[in-house]
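One structure is given here, and the rest of the page talks about it.
Labels A, B, C and D are assigned to the chains in the order they are written; within every chain, residues are numbered from 1.
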Amino acid sequence: MGRFWLGATGVFMAGLLFTGAVDNEFYFFSGYVILQGLIMATAWNILGGFTGYVNFGSAGFFAVGAYISVALHQALALPLPFLILASGMVCGLMGLATGYLTLRLKGIYFAISTLAMAIVLETVITNWEYVGGASGAYILTPKDSLFFASYVELLFMVMLIIAIAAVAFARYLSTSRTGKGLTAIRDDELAAECMGVPTLRLKLVSATAMGVFMGMAGAPFPFFITFVDPLSAFSLFIAVNAIAMPLIGGTKVWYGPVIGALILGLTQEITTVTISSELNLLIVGVVLIGFITLAPGGIVGLVQDFSRKRLRSKAAPSAGGDR
Amino acid sequence: MSAPLLDVRNITKSFGGFVALNDVSIHLAPGERLGLIGPNGSGKTTMINCVSGALFNDGGAIVFEGRDITKLPAYRRARLGIARSFQIPKPFRSMTVIENLLVPLEFAAWTRIDHGRINEEAFDILERIGLADLAHKNCGDLTQIDMRKLELARALAARPNLLISDEAMAGLSSEEVDEVLEILFTLNEGGVAVIMIEHIMRAVMRYSERIVVLDAGRKIAEGPPDDIVHNPDVERAYLGE
Amino acid sequence: MFSGELFFNAIVSGLLIGGFYAAVALGLSITFGCLEIVNIAHPTFVIFGSYVTYILNVNFGLDPILAGLVFVPAFFVLGMFLYRFYYASFERAGQESLNGLAFFFGLMFTVEVLLILVYGVDYRLVSAPYIGQTWHLGYIDFPLRQTVPFVVGTAMTIGVYLFLSKTFLGRAIKAVSQDRLALQLMGADPIRVKQYAMGIAIATAAVAGSLLIILGPVEPSQGRLYIGRVFAMVVLGGMGSVSGTLIAALLIGVIESFVATFYGPSWAPAVSFGLLFITLALRPQGMFGRA
Amino acid sequence: MFMKFAMRRRMLALCGMVAAALFLTQAMAPTTARAAEPIKIGFSMALTGALAGAGKAALIAMEIWREDTNKQGGLLGRQIEFVYYDDSTSASKVPGIYTKLLNIDKVDLVVSSYGTNEISPAMPIIMRKGLVFMSLFGLAVNDRFKYDRYFQIMPAGPVPKEDWSRGFFDLAMAQNPKPKSIALLAEDAEFARNAVAGARINAKKVGLNIVYDKTFPFGSKNVTPVIRAIKASGAELIYIGSYPHGSVGLVKAANELGLKAKMFGGGMVGLQFAAIQKNLGPMLNNIVNYDFWVPEPTLKFEGVEAFLKKYQAAAKGKKVDPLGHYLPPYAYAYLQILGQAVNTIGSLDQKAIAAHIHATTFNTVVGPVSFAENGEWAKTRTLQVQFRDIEPNNMDQFNHAGKRIVLYPKSVKSGEIVYPYK
């Protein structure tokens, strides 16, 4: 068991302890929203950050996840874990299909088709009366919350598990041989292909994984919010966050989106209850643009540059004139 | 003639209405050094794009080591032993020099190498090419000549039987050209067949055992360098009517 | 309920709205098609154009179209500045794919929020003497509220088409990303050419914005509704082909109008985006583009 | 090694920052214990995002109520304080906000945000705490939750979906000869779809033939084909559920195409707002549409004019509806009811307050209000008003009687219907 898994287990145990020790539900609601952002950001980054294929339709995957959950809950009253798995599977297939149709083209076409796909999906769900269509659907919070004090604590732990799974998968991808192939694709796809990297297959793997985790992030949403309609499920804010968090944190490494999600998510939760106004939204936009233009490597990139400089300036006097 | 390593049979490729390659055949023996020349827009790059799999030809067939690879995607061809360098260097910019070599080692050559010795392999290649000092440098900081060398080193790391070198010397000084030629000669001595596309005539003439000339998508001449120099068709193609 | 009256009116109505769509897609056809800059914030600039139109119309009673035209030079400069910034930040470093795209995304979001900060989320409307009037030709209706945007939008598109094919700068713009050699032979500096091209593209947004607000009320986040649609038109029309974009815009207008008239209006957006999706998957060079 | 160390140190610093930020929120939140403790009313409100226009107008009205009440001595002799956060019209923020209000800010009373989407996410939290929940313009939220301390101020009526359009149908069926056919059209979002769903039920009940029944996409730009299809259907009545953007497009298209019908309107949101009324001008004439308050003599309840005067003064330059007829009086009234109930009971005992609200008819700026079992108005007072003699480009006209005649319900009727529409 590596240090990562020790850390992950630590985070999980801390989460459990937190649910046991803290009564104040506010933290769980806030935590849920931040974790949702974290999963979305990590999922987005598996494709967008690792291979450079931008997905504008994150909200579409998320919403489909949420609505699969609504539909199966209504039809079969399946318990939450099954709903999450089903949503993950459907959205994974969706990622695979979109990828198969468009990933052979230049990245920009993929970006546009995800945008188009999100709108097609919104239209479909708006007209799908079984899940409430445009009028929305109510999902009453189940009474049973296992051994947790309240249902939101259960949801919080569920999200924590999904988050750990998503981050672990992203880490596995980026540190494995596959990860090297993905990086090669991002740097130069043609060169990668000519160096023996099966680019289409790797892109499909990423697109599928992205879909799976976005769907999983969406599945518990109806239970969290109790009333879901297309406008709240396909919210632009979700799509913006899924892109902004990795870009702010750093797209090249698996922990970039995690850092971005924690910082941006916390800031958003804090500003909501302190200084909220349009200015607050403006800050997100300006910070995003600022990072993209000034620090394209995100926070991780900044830290790396900084420590490299420090290393150099420390090494300089002793190694002076060596080379 | 021994069984060819590469046999390009009557391939055709057009873009919209523009015919870039028209019924061109090329063959190459194992370990042979072939020069591919022609004026701008004659179809050289299209040809090697078709051979390496970056493009698919419309008609004709490509056979490599007796196997029809016409429909194989580029990465499969790389795994079979066809490697190429690019005219405009395409390094993996976010990686260091040695990491650039690990990509072909781990993908193209994966089934043919000892997985435990992969870093040593990469170092060996860098040493042979003369880039060992720069192994951990970010490849964005390389000079022009080092960038060209990296292109070759990376192609080499794919453990090819056939190396296609696409204008590896464009823009280099006379000494640098010699340096690259030296590398290509050593490579060939190791048994790798080479197709060299080059505008620098001095280099092609010195390096090639045989030369193929393309003009406007057709093969207009083929033969040893000395014959090609005196071929009237070739002269016309280069100098105009 | 199928009748000649419905049928021909559906066609006319679709063409009228299609002319307006062309005006919105035109700028993107230049930036995306010719310059390969993925300005997904373009529709938001159109909304911005609507708001400046609104200001002049409400405060000075200026005709909306005139108001849009007044702002064309300012938008032109804005576009040039935007390209300079884009070039310095992304294109020069070869980072346009991921970061450039995300930049426009952030820009869209920021402009939208700025408009909300200044004007709130209320719907803004303009008044003009022709809004509400209708011409009739037999049983076919030409509501001026849609006919005026159609005429102006189509005229602008044709104007830009002529400019691109007949002038030196226009040809340079068309060559700038496809044919570097031709550009060099023409002796044009690609950066300057792109700068002017972006200026023209954003300038069209000022006019398209005035057309949008003539058609109906405008609020800041509305631009998003158009992103997919205009990209659909540019891709369907064959990247960078202004004439193709015009045809695609008219076609999408007519298809939407048919779906709305004869089937269910609520499926209209899925139809045009579905078309885009299928085009991308099967024939990415566009329906009217060359391979 | 050094890099790792530097990294770890920076991570530590980061964690520190996060912790500090968390601490700050705690510190910045209003502190609880204080002498002569005020009563805290907590709520979430859409101050940014799509519904910010409504949310801000509601907040202005609520603040007027707070000032008015504090001047008269507050509640239970204590001054009133608001603790509110912006949900930015994003439903996912609502649960967090209400748990913060209840668990950290320890508010004494809660009221809702504006609109169905932002009300229902708060319900499970409020229900678990057993608080009285006054809600602002949610449509049929309690149908699913069945919470007996939920009270909704929008005068939809006990069966919200159907009561909503009851007036429209009562008016239509009272005409001679009776209309026979109806077209139904809904914009694709929650309220409009529900309103039309109710209209569909009503239409079937009175035996109307539904000749057109479609929905169109939210925010659609080109509604001309829709109006043309409706025109071709030959429907005598046209009932529409739509949002501001769609409403404006539909009214303009109907005029441009010379749409003829016996009655046209119903559930069009947007026609209640001054800016849109001014822009549409005479195109509005004869449309019969729902509304909640108009300056007709039959609706001049005690206090409403004084309130609107304050509102209109406060609304200047705030990017909200300048006249404030539609929503603000109700945002004032839902607090009025809560305040009256608290003062009568004399404590914050939620059970007693809820029981009292159920049992009482309250006098408010929107008239007498009493609640049904499910927390909706005991009887619908969704007005059907008809636009009359509207002049172009004149906003002030809507501040006076005679422009929006109340046709329904009978209790507040101020004129007779002009029939047919065109």
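Operating definition for what follows: a residue touches a chain if its C-beta (ideal position, glycine included) is under 8 Å from a C-beta of that chain, and two chains touch if they have at least 3 such contacts.
As the structure is a prediction and not an experimental result, all values here were calculated from the model.
Considering only mean CA positions as chain centres, point out the chain farthest from subunit A.
The most remote chain is B.
Report the chain closest to the protein's overall CA mean, measuring from each chain's own CA mean.
A
Using mean C-alpha positions as chain centres, tell me how far subunit A is from subunit D in Å, no decimals.
Here subunit A and subunit D have centroids separated by 35 Å.
What is the distance in Å between the mean C-alpha positions of subunit B and subunit D?
Once rounded, the distance between the two centres reads 71 Å.
Take the average of all CA coordinates in subunit B, do the same for subunit C, and state the distance between these two points in whole angstrom.
45
Averaging only over C-alpha atoms, locate the centres of subunit A and subunit B and give their separation in whole Å.
42
Send over the residues of subunit B in touch with two or more other chains.
In subunit B, the residues touching two or more other chains are 93.
Can you list every residue of subunit A that touches 2 or more other chains, as numbers and ranges?
123, 126-127, 186, 278, 281
Two or more other chains in contact with one residue: find those residues in subunit D.
48, 50, 188, 215, 217
Could you list, by residue number, the parts of subunit C that touch subunit A in their complex?
The contact residues of subunit C facing subunit A are 32, 36, 38, 40, 85, 89-90, 93, 95, 97-99, 101-103, 105-107, 109-110, 113-114, 116-117, 221, 224, 227-228, 231-232, 235, 264, 266-267, 269-270, 273-274, 276-277, 280-281, 284.
Write out the stretch or stretches of subunit A touching subunit B in their complex.
177, 180-181, 183-184, 186-188, 190-200, 252
Which residues of subunit C touch subunit D in their complex?
The touching residues are 1, 3, 5-6, 9-10, 13-14, 17, 116, 119-125, 127, 131-134, 141, 143, 145-146, 212, 215-217, 219, 221-222, 225, 253, 256-258, 260-262, 264-266, 268-269.
Inside the complex, what are the residues of subunit B that reach subunit A?
Those residues of subunit B that touch subunit A are 52-54, 73-75, 78-79, 83-84, 86, 90-95, 99, 102-104, 106-110, 154, 157-158.
Which subunit D residues qualify as touching subunit A in the complex?
Contacts found on subunit D: 2-3, 6-7, 10, 14, 18, 21-22, 24-25, 28-29, 47-48, 50, 85-88, 90-97, 99-100, 103-104, 116-117, 120-121, 123-125, 128, 141, 144-145, 186, 188-190, 192-194, 197, 215, 217-218.
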